[in-house]
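In what follows, chain A forms one complex with chain B and a second complex with chain C.
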Partner chain A sequence: MTTFGQLVFSGLLIGCIYALMSMGLTLIFGVLRIVNFAHGEFLMIAMYGAWAVTAFLGLNPYVAIVAVVPAMALFGVVVHQVVISPGVDKPHLVLVFATMGLSILMQNVALMFFSADLFDVPPMFDGQSVIIGPFFFKAELLLGFMIAVFCTISLRWTINSTYLGKAIRATVQDSEAAMLMGVPVPRIFMIAFASGSALVGLAACVMMPLFSVFPTVGLNFVLIAFVIVVLGGLGSIEGALLGGMCIGIVQSVSSYYIAPAYGQLFFFVLFLLVMIFRPEGLLGRKGESTVGIN
Partner chain B sequence: MSVTSKSTIETKPRRASPGRWWMKPGHGSVSWLELALLVACIALVVAPVPHSYQDVINITLLWGGVALSWNIAGGYAGLISFGHAAFFGIGAYTSTILLVNYGVSPWLGLWLGGIFAAAFGITLALIGARLRGPFFILSTLAAAEVVRIGALNWTSLTGGAEGLWITPTKSIANMVFASRSAYVALVLGYAIIVYLVSKAIERSRYGLVLFAVRDDEDAASAAGVNPLTARTGAMGLSAFLTAIGGSLFAQYFQFLDPTYVISPELSFQFALLAALGGLGTAIGPALGAIVIMPLSELLRSYLGAAFQGLHLAIYGGFLVFVMLYLPGGIASALERSTGRSKETP
Partner chain C sequence: MRDSLCLSAMAAVIALLSSGPVEAQEPIRIGILEPVTGSASKSGTENWVAMQIARDMINDRGGIPNHGRKIEYVFADVPTPAAAISETERLITNDGVRITAGSGVSPLAIPVSQAAERHGVFHWETAGAAEIITRRGHKYTFQVGPSARRYAEAAVDFTVDVLTKKLGKPLADLRVALLWENRAFGKSVGDNIRRYAATKKIKLIYDEGYDQTLTDMTPIVQKLKDAKPDVLLTISFPNDAILFQRKAKELDFYVAAHVGVSAGYSNPDLINSIGNSVYGIFVSDFAVEVNPKALAPETRKITAEFIKRYQAKMNRSPAGHASMAFAGMWGLFTELLPKAKTLDSDTLRAVALKIDLPEGSLPNGSGIKFTNHDWKPNAKDFGQNLRAAIGVWQWQKDGHNQVYPSALATHEPVLVPLPKWSER
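And now, the complex of A and B:
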């Protein structure tokens, strides 16, 4: 029973970190209604950024947050202006393939600069675990969990209780009406895209002590992120957290009791089942095209 | 709803289009461009070209055929799939397992692979019957991952990560040829058949049904079209033809492993070739493969050694540019650039 509890709680923690990584994707979808197929590559370059700050400046990866997050927000602005904004009024296929092209571009630029080698940062807390009751937790996981929960709460607060949040909600509900009411919709899109990228930057700093980085690392994580956001309801922030927790638990329990390789199989099957029976996701609204942040 | 109605790249109405004389098929005949491409391809098969070039020709024709097959679902029916590598892999593995373990000729095995893949494609279309836009795309991606992980772990059947080898005992019955030209001719035949099937769909009533479902599913079903049969049919046919391409791939390279044959990257490749060439036309994916594949091989051989990854970075950048500024792909760009002066009143 202790083993099972341990697996569930560890899965929960790692799931929250996955959720943090997916939150940018769901935010961007919720506001701009596009799936960013380069999301994994955003994570990859942010992880390289966190690694570079740690390796060259000798800083802690958690301190790297102050450098990586603004840098990723800026990167998000640039990508939005160059790639997303020209395509946002066109058929959605255009941006599907354009972001796909962007992901190929970023992957291979990373390959040119960093080669295919794996980079990682030295362990943070001398591999120490935090002991709560009968359970042991890696300190990095616990810290990541806290950051993820904090992020969800502050994102929710921003959307519910600030003027910017109100403008975002208006844009999600009806971008034309919002524009008529004086909401600068293109700027809201840019802010949403930049915030999504900044969230990826934050996730990368949290993940760097746990995972190695290499040019194609994004693909593994983006598939998990897709599963999480669809499971939770594409566009829903709490949904992403819930979806992340489910995936984390499924992965950790099935890896232990069956085989690590099947852990992945299970969550893709779970994903397909959700698609068949509840395509709007756990917390999404009915009718896929109306899914948004609410 | 808004997702679907925006979901297609604007394609010209087929029959009434004021096409260019050299691209425009006459009444049920082939256009000059198609004829020229065909002659060029046959010349390349017959001509004594060095082996390394034959590899390029072969992969160009094969990928062209698969991109055309992808286009039947993605371009005609609007079912954008990022999981076609699963069909490709099912075809490749079925014929190879039958040949290696049971001595069944690939000439028979490829049909069986096609049928399995078609069944899987139809299942996928049924699973995704309610899904639109990005949701459908993501479900195909997930389904292909299920197949890949399955193939990777079902070691007794597929050889797992170590892959499967076809030991080359040369005989026509085993589809293992002594000369590469024979393979190239075979793959050319495949590409031509898929092209003709695409053209036939384009001109048929069924094609119109697919376009209607793609452009506005609700309007189509209000007009008495059953979107489900249209979607399942297109996906099944597309999967069938893709799987045959997979069998031919296995016979040519004589080695298979799930990490390549069923990878998401391969699925993206098929979709991207079609999108770069021009979705929803037969000439588009064919042009996409003919232009992109030799170019990328050329770039790789010049740049690959010095700058690892540069040729693919260029490819990615090119893709972003084409999608944003020429969403109709190479085919529409060709039509536009030369069309103006030659337009007949």
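And now, the complex of A and C:
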């Protein structure tokens, strides 16, 4: 029972980290309706950013949030203007290939600057665990959990209760009508893309004390992020959190009781079952893929 | 008639003057296929740097002994198996390369050697260790580095010969666990550890494979914690080795002795990532800096020069991959090419099969003796170097120190049993 508890507990915490990493993807999809295939590489450069701030300025990786999040938002603006914006009105495949190309470019630029070496930041409390009863966990994981929940709540509040949120929802529901009502749709797209990138920056700072960064680190996470976004319901913020938790727990428990080599198999089985019986995702509404953020 | 005689004589003189020296000066072109980008680039870069040093050293000595031809590399980056095939074919068909060498890691060595074989090109593999490399009926693939079996046997022999004594437990009571990543190298070594451990009457209390892209090690570490092993044998790649060590510390999983196999545990970055926790971990690997007494006198000088050049280039000592790549290429330059009258694959193959070089002749303690369907355990095997050096080194405070076998060892094993996590 202790083992099972530890597995669920650890799965839940790591799942929230996955969710945090997926929120940027779901936000960008929910508003722009494009799949950013370079999402993993956004995470990778943000992790390098967090590492650089920590290594060169001697700051705590959580303090790096102050620098990395705005830098990633700015990076998002640049990518939006240069790569995304020219392809928004073109056939869907244009942006699929554009973001894929961007992903390969970013991987290789990172390789050029940072080589294939792995970089890490020192763990907090010298890597010692927090022990609650029979359970062990890292403080970094609990912090990640709190930040993921906080992000979900603030994002929901922003979308429901602010003027920007209303403009985003209007754009998603009918961009032409929104434009006629005076909503600056291209700017909303840019803001959404920048916010999605900023969220990746936040996730990177939370992940840096837990994972090493190297040029292809994004590939290890991007598939999980795609599954979480679709599982939770495309464009659903709370769905991403729930999806992340489900994936974390399923991966942890199935890897223990069946085999770690098949850990991904089981979350894909879960994914298929949800797609068969609830194609709109766990928290999505019917027809969500055409509606997006709501 | 007189004119034509004159012309013939002139032509003969010109031909005589031009043929010998020009051929002697024409460099031998070798196609090098290493992954210097992509997920295997760490090993690929180590190999590539060492290979360049081997080329420079032989060229500085006036080229290949006997005929003085210099070495020229034609390099191709092979980050993925698909690139490995297309780049090997490109070097062969476009650049006219007739000898290839590489290829960083087993999953790339397999397609590279396959493509070379398809074109009847001679392939010299320094790093790829999976056993399948020498068991596909190839005629021109030679694996000069140790095969996966040897890594496995070194890890098990070390457990039997050293760890049982250090831990004060008879073999029958020793709880040994095996964890392996499930791609070509990990699986091949894992299979061999299982097989060889059975012959030593070791019962594995845990034996499981995992995917190296796994992002959460909790289930594996928890399973091991429940299994309570005394000795843990693991085959991991750099990122998963780091994740494993961190999770082991997080969940307070203690094991008295940990033997990693090459790859992740031999990666120089490991110490930057897990700090002091690395001290005490054993690594079954290519031999790195071996006891000079195990080397032939001339080889000692070559080794010292290689280490010096490597340190100047990389600001650190060579790890296992670099040492093996250098030793492998040095073997090619000093044992094979000088004796080959022509560079066609059949001649190279015939010369390679005749090499009978005792252990200690090459810089990392290796010798060369290739199998030719005459190896008793497996008659299919062709081109495996039975004298490639292998051993166990340990992460100690003053560096990577060779601790096993005793002939190659420079240091005694320490930190057995390992201290508790709180004391590391």
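In this section, the second predicted complex is superposed on the first by the 287 of 294 C-alpha atoms of A that agree within 3 Å, B and C clash if a C-alpha of one lies under 4 Å from a C-alpha of the other, contacts with A are read in each partner's own complex, and residues count from 1 in each chain.
Please note the rule applied: contacts are C-beta pairs under 8 Å (C-beta built on N, C-alpha and C of every residue); 3 or more make two chains touch, one makes a residue touch a chain.
Since we're looking at a predicted model, the values are computed, not measured.
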Touched partner set for A:M208, first chain B, second chain C, both or neither: neither
Contacts of A:P279 with chain B and chain C, given as first, second, both or neither: first
Touched partner set for A:I249, first chain B, second chain C, both or neither: neither
Which of chain B and chain C A:A261 touches, first, second, both or neither: both
Which superposed partner A:V94 touches (first chain B, second chain C, both, neither): first
Touching partner for A:R33 - first (chain B), second (chain C), both, neither: first
Touched partner set for A:M106, first chain B, second chain C, both or neither: first
Touching both chain B and chain C, residues of chain A: 108, 111, 115-116, 215, 219, 259, 261, 264
Partner chain A, residues of chain C touching it in the complex: 37-39, 41-42, 45, 182, 208-211, 213-216, 218-220, 222-223, 226, 238-239, 242-243, 246, 249-252, 267, 269, 272-273, 275, 277, 422
Of chain A, residues touching chain B in the complex: 29, 33-35, 83, 86-87, 90-98, 100-112, 115-116, 215, 219, 223, 226-227, 230, 234, 259, 261-262, 264-265, 268-269, 271-272, 275-276, 279, 288-289
Touch list for chain A against partner chain C, complex: 3, 6-7, 10-11, 14, 18, 108, 111, 115-120, 122-123, 127-129, 136-138, 210-212, 214-217, 219-221, 224, 248, 251-253, 255-256, 259-261, 263-264
Touch list for chain B against partner chain A, complex: 1-4, 6-10, 80, 127-128, 130-135, 137-139, 141-143, 145-146, 149-150, 152-153, 264-265, 268, 271-272, 275, 279, 307-313, 315-320, 322-325, 327
